[in-house]
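Each of the next two complexes has chain A plus one other chain: chain B in the first, chain C in the second.
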Partner chain A sequence: MAMLKSIPGINSASTTDMAVLKPVSVATPGGASDINFSRFIADLPWWLLPALAAIFMMWPLAAYAQSTYTMADATSALVKWLPFLVFQGFVFNILISITTMALGTFAGVVLGLMQISPNRLISKPAWLITQTFRNSPWLVLLFIVMLAFPFKIEIGGLIIQIPDWIKAVFGLSLPIMANISEVVRGAIASVPSGQWEAAESLAYSRQQTLWRIILPQCFKRMIPPWMNWYAILTMATPLVSLLGVEEIVTLSRQAMAAENGRPELLVPFYGFCLVIFFAYCYPIARGTIALERKYTVKL
Partner chain B sequence: MSETEWTPDQPIVSIKDVHKSFGDLEVLKGVSLDVMKGEVICIIGPSGSGKSTLIRCINALNDIQAGSIQVEGQEVNAPGLDKLALRKKVGMVFQQYNLFPHKTALENVMMAPLLVLKEPEDEVEKRARALVKKVRLEGKEDNYPGELSGGQQQRVAIARSLAMNPDVMLFDEVTAALDPETVKEVLVTIKDLAAEGMTCILVTHEMGFAREIADHIYFTDRGVIVEHGPPKTFFKAAKDPRTREFLSQIL
Partner chain C sequence: MFKKSLKLGIATGVALATAVTAAAAAQCSNDTWKKVMSAGKLVVGVKADYKPWGFRDPSGKLIGMEADMAQDVADAMGVELEMVPVQSSNRMQFLEQGKIDLMIATMSDREDRRKIVGIVGPNYYTSGTNVMSPKAVGITKWEDLKDKPVCGKQGAFYNKIVTERYGAKVVAFTGNAEAKQALRDKKCIAWVYDDSSIMSDLSSGEYNDFEMPLNSEDDNPWGLAVPLAEKNCVFGNFMSGMQYNWLSSGRLIELEKKWGIQPTKFLADKKEQYKDWLAK
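This part shows the complex of A and B:
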């Protein structure tokens, strides 16, 4: 059961102020487990990358020893297709991930702010939307958006075709929105209640307190979990290949088909996908952990 | 009741039979006290006796269930209360300082007059610099709270509150979280304020300070005021056994 963390004076009554020393704790938004994904990736050694690449390339030799297909054949096939896979495929994955993140962040920030509204007519629905999309399978959300969205829209006689990848972006934005909403809510909740009270006692309005006092303090705390979600999202972009969007996995399949669908190519080609995602997400994960450490120590 | 009726010869803060509960826990069980303009009163008592809750009710950080609190004749607990107007009159300093960590000392002092009172910046800056000087923190204007000691932060918090030109200052155990060696610098600042005629209501555990500075001392225990009086008689000739026991433990 997901619980709304209470913010004294915001979505619950002001706390009592008995003479207690509060323990010094710096909460990361939504708890420490929030960036576990990045932590795992960042802890992997850098040499895993060439090691993985080598294993994937040698796979055909080991698995199909009696085959006439050599490692040189597999390598030359991969090298031949590599520019196509990277510049037609992976670049598109990046484009999808960045567009989705932009859209999801914008919607998530709005939803997160709605979640902390003192008006229950705003906060309750926002909470429900957040929990629903946070706890739904991404692929199911993708399919729903894909099938529910019109193929084209008409604006004043002008017919605009909506490309599949735009629909995919909308679909992936939903879980990102919900998770960013939680990041925002968690970050706001992690600001000590004394900050609200101090601003209140200085006659700040709620809006002034939120925008001038609370959110500026949240911003830095939100960056690590935000980057964490970006890496998770990037890793999830091959999902859209199931919907026919021509990203790296779809193109890998096409390339292998063009190479007569030789089974020896499966591991090198899909292995290449794995390696390139790892290569892209690794620095992001390292950066996430570094920032997390920096901001935690500073407070 | 209305604001226009209040004159300075009436109590500036008037608390009558206030009751306050948190859920089933009744923290204030009928507390009454009056504070005249320019008076300094200290509220002492054991932990959990409701003294912090009481002063937080004065600027409506806590609401009350029954009774009445008036500040300059204005009912604090009225349904249509203009909380902002009340809080411009009543300044408050907290145990944990609660400075805004992303702003420098000077910005902490200047922000509320700029944002809330919408005063011109050059005027506010002049006043803020004077206040920083008054709390003896010249040269620390551009330091962030994280770069200041607890005592220094607390003095910035006092300056920040004074920048709103309040009529009454509330101090909620402002030295309780401080290192012993920095307690004194904060107490000196409060003493200066009191000497200038600021109305001060303090919740404190510093008995020596209370004896020195207070015009009147209130002793609370389990949600009621057990005993009160001027420091001389209060400390020397406490009548109630609960007061005597508390004083014997603390002095």
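This part shows the complex of A and C:
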């Protein structure tokens, strides 16, 4: 768009007092701010990971030069516990994040579609639920679910124990649900209204328009923010360690206790957690940026 | 008329007697015991972050003195053992909720806890409250802790003692490593914990600038626990027997040695006290 012609009433002072149809304001698809987090991660240089790892391994040497516990001791302790921390700890974090994302996405899509319902009895409650869970601290939601949910359910004499991590998945999927709901609503709103009008003129019903015309266009736009939320969620999974779920942070603490609770181990062990989360989320962030670039709608 | 009321009286009496018997029977349904025996599996809650009592080996297996005790119990019952890691903050809930059948998790035997879980005697171990503090601080009596920041571990009852009795300001951490780091960083003047654990830290040579300057307080026996409903039933009585045998046979002294715990006078005394009078 080179030079816009001066249109009275739109980009220059109105010269008429007659009714003028102004252009529809179109929201930026996906919203640039949707993936700020991924953008931040993806903008970090790739060599940050080895650099961080090196710093955390060297830390005991620098901080406790007077101690008899050397860097080699701390490193060998970490190496010894590495398989345990990764395969029983981090893999569990991944499992929690994937389960939560699946649950949160399903509920979020339903809630998002409810939000755009023309029926106010449906759209208003959906809006309220979305805003409530979107603006609540995740940890508070986790605590509420943890304490309010039963630890077992009885169905006709059959007792099913609900493990803590399942409750944690429920707790974490509430804010994910609310945020995905907003992603869905935003993506649908970002489809130019002309699409709705064109569909209507071709005698499509509202349901047909939504399923056959609008949603297929939204799908691609939703992928980058959806991946962004997945990365944020993965980073948030250590929260569940506060509820006694045996994920990587809980197991790191137990490993440090088994190594006599030496304070020298704190930085290497927690540093390792940081590095492994970074290693997992960095490719996701880069992919998010790449997809977003690919799917940006040029208007 | 008289006959009728007599009949009624007898009927009421019989009904009452039946009700009483039923209530007595309900008191000992032995649900947990029966469940363990029929499933062939005993689920025991032990610590995973309390070396050398309950901790992990690098493969993730739970080991330690209390893990060995749990194995003894399962062997005596002739069932498989499953160990579940518990924390100070959730161990009693796990037992109440039936997630575990038995809890052997370094728990101090306190009156308030006896109302929640079935702690049975004789107690198998004891420890006192003490502090580790830098020599430079020069603490000489418990009163020196008044209004001073003291590091502690979340969920430990030692925190309550120093707060209520000596007015210390306890800063509680999730792990011992974090708490000891805070002590080194001079965020608190002392680290309050159990005396046997502090002794082993001091003897490791890593804490040469630190000391345990006070006399241990509240030598508090530890208790293992079964569900409250089973306390005076088969399971509770069985666990009392287990503990009596552990103490009188010297099995716990053996385990103490195996896990490098400093020999305690408590276990030696108990062995003497419960000695078989016919033994030569």
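Simple rule for what comes next: the second predicted complex is superposed on the first by the 266 of 299 C-alpha atoms of A that agree within 3 Å, B and C clash if a C-alpha of one lies under 4 Å from a C-alpha of the other, contacts with A are read in each partner's own complex, and residues count from 1 in each chain.
To be clear about the criterion, a residue touches a chain if its C-beta (ideal position, glycine included) is under 8 Å from a C-beta of that chain, and two chains touch if they have at least 3 such contacts.
Predicted model only: the values in this text are computed from it and were never measured.
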Which of chain B and chain C A:Lys294 touches, first, second, both or neither: neither
Touched partner set for A:Glu200, first chain B, second chain C, both or neither: first
Which of chain B and chain C A:Gln88 touches, first, second, both or neither: second
Chain B versus chain C as contact partner of A:Arg120, first or second or both or neither: neither
Chain B versus chain C as contact partner of A:Gln161, first or second or both or neither: second
Which of chain B and chain C A:Gln217 touches, first, second, both or neither: first
Contacts of A:Lys152 with chain B and chain C, given as first, second, both or neither: second
Contacts of A:Lys80 with chain B and chain C, given as first, second, both or neither: second
List of chain A residues in touch with chain B within their complex: 13-14, 16-19, 21-22, 192, 194-195, 197-205, 208, 212-213, 216-217, 298-299
Touch list for chain A against partner chain C, complex: 67-69, 80-81, 83-84, 88, 151-152, 161, 244, 246, 251, 253-258, 260-263, 265-266
Footprint of chain A on chain B - complex, ascending: 22, 27, 47-48, 52-53, 56, 59, 61-62, 83-84, 87-88, 90-92, 94-96, 98-102, 111-112, 115-116, 146, 157, 160-161, 164, 172-173, 176-177
Residue numbers on chain C that touch chain A, as the complex places them: 48-51, 55-60, 85, 87, 89-90, 97-99, 174-178, 180-181, 184, 201, 204-206
